Amino acid sequence: MCAIVGVYGNDNAARIASIALFAMQHRGQEATGISSSCNGKIHTIKNRGLVSEVFTDEALKVLAGNMAIGHNRYSTAGGDSILDAQPVFAKYKLGEISIVHNGNLINKDEVRNDLIDKGAIYQTGMDTENLIHLIAKNSKDRLRDRIKEALERTIGAYCFIVQSRSKQFVIRDKYGIRPLSLGKLNSGGYIVASETCAFDLVDAEFIRDVRPGEMLIFDEHKDEPESIQLYEPEYRPCAFEYVYFARPDSVIDNKNVYRTRENMGRTLAKNDQNSPIQADMVVPVPDSGVPAALGYSAQSGIPFEYGIIRNHYVGRTFIEPTQEMRNLKVRMKLSPMKSLIKGKSLLVIDDSIVRGTTSKRIVKMLKDAGAKEVHFRVASPEIKYPCYYGIDTPTQEELISYRMTKEEICKYIEADSLEYLTVEDLVNSIGNDRNYALESFNGDYFVK
Amino acid sequence: MCAIVGVYGNDNAARIASIALFAMQHRGQEATGISSSCNGKIHTIKNRGLVSEVFTDEALKVLAGNMAIGHNRYSTAGGDSILDAQPVFAKYKLGEISIVHNGNLINKDEVRNDLIDKGAIYQTGMDTENLIHLIAKNSKDRLRDRIKEALERTIGAYCFIVQSRSKQFVIRDKYGIRPLSLGKLNSGGYIVASETCAFDLVDAEFIRDVRPGEMLIFDEHKDEPESIQLYEPEYRPCAFEYVYFARPDSVIDNKNVYRTRENMGRTLAKNDQNSPIQADMVVPVPDSGVPAALGYSAQSGIPFEYGIIRNHYVGRTFIEPTQEMRNLKVRMKLSPMKSLIKGKSLLVIDDSIVRGTTSKRIVKMLKDAGAKEVHFRVASPEIKYPCYYGIDTPTQEELISYRMTKEEICKYIEADSLEYLTVEDLVNSIGNDRNYALESFNGDYFVK
Amino acid sequence: MCAIVGVYGNDNAARIASIALFAMQHRGQEATGISSSCNGKIHTIKNRGLVSEVFTDEALKVLAGNMAIGHNRYSTAGGDSILDAQPVFAKYKLGEISIVHNGNLINKDEVRNDLIDKGAIYQTGMDTENLIHLIAKNSKDRLRDRIKEALERTIGAYCFIVQSRSKQFVIRDKYGIRPLSLGKLNSGGYIVASETCAFDLVDAEFIRDVRPGEMLIFDEHKDEPESIQLYEPEYRPCAFEYVYFARPDSVIDNKNVYRTRENMGRTLAKNDQNSPIQADMVVPVPDSGVPAALGYSAQSGIPFEYGIIRNHYVGRTFIEPTQEMRNLKVRMKLSPMKSLIKGKSLLVIDDSIVRGTTSKRIVKMLKDAGAKEVHFRVASPEIKYPCYYGIDTPTQEELISYRMTKEEICKYIEADSLEYLTVEDLVNSIGNDRNYALESFNGDYFVK
Amino acid sequence: MCAIVGVYGNDNAARIASIALFAMQHRGQEATGISSSCNGKIHTIKNRGLVSEVFTDEALKVLAGNMAIGHNRYSTAGGDSILDAQPVFAKYKLGEISIVHNGNLINKDEVRNDLIDKGAIYQTGMDTENLIHLIAKNSKDRLRDRIKEALERTIGAYCFIVQSRSKQFVIRDKYGIRPLSLGKLNSGGYIVASETCAFDLVDAEFIRDVRPGEMLIFDEHKDEPESIQLYEPEYRPCAFEYVYFARPDSVIDNKNVYRTRENMGRTLAKNDQNSPIQADMVVPVPDSGVPAALGYSAQSGIPFEYGIIRNHYVGRTFIEPTQEMRNLKVRMKLSPMKSLIKGKSLLVIDDSIVRGTTSKRIVKMLKDAGAKEVHFRVASPEIKYPCYYGIDTPTQEELISYRMTKEEICKYIEADSLEYLTVEDLVNSIGNDRNYALESFNGDYFVK
């Protein structure tokens, strides 16, 4: 999923970028990097590891300058090379350039093959390299024009920040699938970040979301960013950001993420109101199931209890690349509150079910700990389709809802009952004022 | 505060001990160590760092044998030497010995000075070294008798596990101030650990708490541990374990820690029931304020909301040694949920107020984020006295409740109102069937 | 200066390459890397550090396959990025490719600018990237033809090894400036390496030097490498390899490096034979001045003594990038043998004088230690011109022999006398059967 | 073998100590440590690793104060614990104390057992702990008197430096087996070090060797160290320091180590002068065989040649603890100069033969490289007895000269001839003005 940030017009640009990346660490923990521009030269530091590990004081000294872009990398298939960290830097005809990217380009292989046919070489596995090649091969005199034309060949869900030696160009695709917001730093200058939760920590005021199809240009000669509407907006923000990925204190498209999750829980409770089930307590799968569980509890009157404790010393399991390691460590991460749940009927709430293996393990863990019944509620619809718009999902065959009906899944995970939200429920919970990117739930791959 | 563990009669003793220490990481993150006994030789590995960092597969290979003791070290004043990690190992007349200790010895300086007067040398700053010297200087033929006599000179709150080449001796002081529980491993053998939360992860059944004043002896020639009641019990478990330190899924003295915290919150709500305050939501200071906030919400009917988000990537701030570092990182750890709390009146619940600086910062952060009112509730009484029984508290001068009245503190932290539990409230919340160690609240330094 | 190696047709290709790189560590200590090819896929591991640090058993497991190329990087100006390590890997039209390079391309900026003008992007600071671009942009069907045409645009001193998924192409420029030898592994397959000292350690037999202007092609379908003479040879091996850079046990162009250095020392002695100087002992600046000092001693009859001790625990000073660090550590590296030299007249032999600062420090150190006289002899001519053919020299202004006469230098370094070899002496010492690359001494920049 | 250093009366005491330890790194590479005294408090930093790794600027900041003692640890059997690094620190009746020790105590087990019988505990495996216990158990009021009486119980080869909060006590055993010299720092204050090679680097003037049986006391109230002759000297310096262990530029007992090694080589040549052997060149086993080879060459007229190259990038093999690792890496360390030795008859000189395995491998390597004949000469007598005076030798069974005659060894290592020095030769080479500690050669275990 990744996080990106751009800071412009502040002498502590790299430091501010690093703190913003720290606040968005949940979006990617595999690698991180920052490029600053100073006196016409771009400096880049990128490495595997957490923001707090990579950006030491020493590293920040190297990253001098009053503008910086940064990236947190979420592991995706195959890309375990250090070279696959961002920003991607290159020298080209107009000088030096560095790019960060959040999203996924649908036509990346086609463009790559075409460029390779024409003699390009690719040194990384990242689709970000496409954009640099398209910019470099263009013959326009101004970078802004090259970017525009490069985007003509770029289909997908994307947020780019392109930094030259003196400017920054921020672009969000016309659907606005991935979030991107603009803020004003109280210490001077601007910040653009994937999530608004970054603004608080760096003492910035939220101005507005970057518009779908918009290009913002930060230029030393102008006090305010220039805005160019490159494409007619067809706004379809990603529903999955609300369900699971964004931090609850972020605001996307004027919607507070926490509140939308609470609504999802309330909706689950409304759907259950005629159910014969008599649960003793609502138990969230921590941490992401908590807001929905609070909503369910508030709606239903069934008390909310912390029946599962999360151990925060586990390290990076939660978001780690391979399936095996997730299996190995799941028991070290979640502990059942035995004395609380013994003999009780639990209404367990999780944000989603992907492969089903974790859910199965949680149900087993709770029953082993003495739970009488485990009713599983999922604060999202069934995930039947892989996401090609920037969220790391497994292949369709690995998606349990592709292979099984709800009843079969309930049996598989050994729950006493299982309910999901419908797609309509989800849309209503977030806010029915908008089309959303819902492809994981309904297969509507609308990006073309 | 520290955590200790002993595993006896299991071929994976050190591995089980390391997993138990992992489950008790919250009790100490500065250093960790394990001694195993194998073929009449004791092997020790100890180092600074987290359990998951120190106990690699390679380290565990060195720690062969079917018995092991382990320790997590919580930083205490001055002791930043690697030599101050436990277990403490020594060769003495009867062979090799290794000891872990949780607690604090009241008369440690007196004993130390006396031993030094008689020619002893001290190579560490730990009071654990006292016990080894007392054992070594004793002339009895059996280790058990030496330990008994050594304990005659040992006044304080303590849980010791002493490991020789073939036996383990577990001792808890007559007051039972620090928790210590006995379990049976489903894979064979026994485990003794500071908290029962360790038992679940290593697949052990809780048998019972080690009794105040009891010595348990594990011996290869006996299937079950031998129990010797060294001292008449005067049971006074530490109230602070319930308030703050123990993991919520642990059970101490048959009382579920989570439930006691919930009760503390309920009591706060009952005390507030005639209050004119109209709070819009109950907001916990995460993570330890959560159960009390749930209790307050359930009792009062005011909705529980996650108004403060905790960032879990911060690292070891929470429990780090120096005050400065805590200051520096507090904003990186806790983020206010702006859109949730804006214009709202908040009933904020924390587990305790020690110096007052963190509380002040939290109130400011919430008001900066738009909270209309912040009513601060503390799920424990005012801390007016330093703890000498094993919990790391600052000097009395640093305790805000020693220096200020409740009203003054309320003003200092800039809250709109402030309430604590009374000592009686606290006792009733935990369970009024017991005398507790309450010295931090009432100055009753009963250990003599 | 760098070292390169290629191994073909051996199941332990990467391991053999790593041992060969270890034997050639003196040619570059900043970074090292290896690419292997296995089942149509190229794997690359490269990093800063010594060969023994980077190529752990774990790393070698990743580098499976029966062919591998490797590189040791010597730091050159500006290139401190991890991205500037070799091999350079890319995907291009014909598949995957990886290249290692030793040397320096004279027209690199021109080619680079031209390629950039045509839309290429450069992600590293290495001239090796030129060759990949030229190969990628070519339209020929066969890699060998693309390489040939790419070389048409490539002017300079170079040794390349290009590895595709199944073949290796070895190319040496027509002057043969940098050394490159072919060997046969006793365990099967072939090895190509910058220096023959690599062959002994990997149990390979020296076959012959790769010929100037030759391309060797290793192909799985042929038992022996195919040889194509791309260019008419104009053999001019680098004299500086004999003077200083190659390991003394290497053989370049059938000339044993140690013997040539001994000859240089003998020639210095012959030149001195009518000198009125009465030296008590010949003292080498260790390690590289030793063979010449032995030659001087054998020729003159003045005893050879180890008057300067080299401390081998210093680490990587000798070859480290910045001038400052060299200054700081020089005294830690070399110690005078006080009791040996006190009151004595010393004939000190070093391989070369570049900036003069080290020589000045050595003379001072020896005089401080009690030497009566220090006569400085240099086993090479005065270095007046920077090398553009692959050896890292400072700018012309920094070369002391560009700024000063021999007499001025003698005064500057505070020696009692100073003599160099003439260029003719040098050529005769190496062997007067050949034109050599002598540009550092005579400014003959013959590469066009 | 270890190195020790004491610096007194200089504000950069710890920094100077660290540089002196760096100069004596050859005496021990397993671990290193320094204790400084500042304002009545002793600070200690010790760790595994090289001096340049452990003593960073940060570490030296901690080690404030105008006096410091330091130690380099050579690995000895069994002691691989971090706790076995020196200095050894303890609190005892008179305050704080820290001790470094070079040597070996003959009666250490007896004293240890006696102390343990009386109730002492031992936390390390080092005999240095004995001295601290003896000092601590003594009842005298002054540390100097306690040290004196403690030494009454201490039999062996030793150099101690004892540091209290304000003084340093330097003691050398009455035989003076291990070297120890006194110097005056040009920047103020005094230095005591195992080898004089440390003095040059820290800019100190050699004053004299510490006398056998002497105690030097450094005291802030006196400008010069007080000297107390504790025992009647029976001077017997260790011959092995001259043969192998000391750095060639050190001076021990007024004898330059390099010169004594040269003499050993000359003596070997004299012994060979009627030999029918016609060697083409004298080849040292680098680095320690070099001076003797130069002596042999000078005496015999046979040219000295560097027939074996040593690779200095190997790391710490030379001095590493286990036999296995030495085996593995020997070929990576030494390379034969093929073209030099091919078809030649070599006179190879090494400093000693211990187990015979390395010698055997060297002969094989040279013959594989084409040597016609390999005549092995050893610049020391046959080692038939283990050293108990501080040098790490294997058990007697592992000493090849204990198990085999010279002829058998020659056959075993496959040399064409083999000669040693006689014990008399060795004594004459060093200087026949002294009794030496020769126990490894003649079994004269004189220390009682």
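So that you can tell them apart, the chains are marked A, B, C and D in the order they are listed, and the count of residues begins at 1 in each.
To be clear about the criterion, a contact is a pair of C-beta atoms (placed from the backbone, for glycine too) under 8 Å apart; a residue touches a chain by one contact, two chains touch by 3 or more.
Everything numeric here is computed off the predicted structure, so don't read it as measured data.
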Contacting subunit C as well as subunit D are chains none
With chain centres set to the mean of the C-alpha atoms, which chain is at the far end from subunit A? D
Whole-Å distance, subunit A centre to subunit C centre, using C-alpha means? 49
Just how far, in Å, is the C-alpha centre of subunit B from the one of subunit A? 37
Go ahead and note the Å separation of the Cα centroids belonging to subunit B and subunit C. 61
Chain pairs that touch, by label, are A-B, A-C, B-D, C-D
Any idea which subunit C residues touch subunit D in the complex? 19, 22-23, 25-26, 29, 50-52, 197, 200-201, 247-249, 251, 256, 258-259, 290-291, 294, 298, 303-306, 309, 311-315, 331-332, 335-340, 369
In the complex formed with subunit B, which residues of subunit D make contact? 82-83, 88-93, 116-117, 119-124, 132-133, 136-139
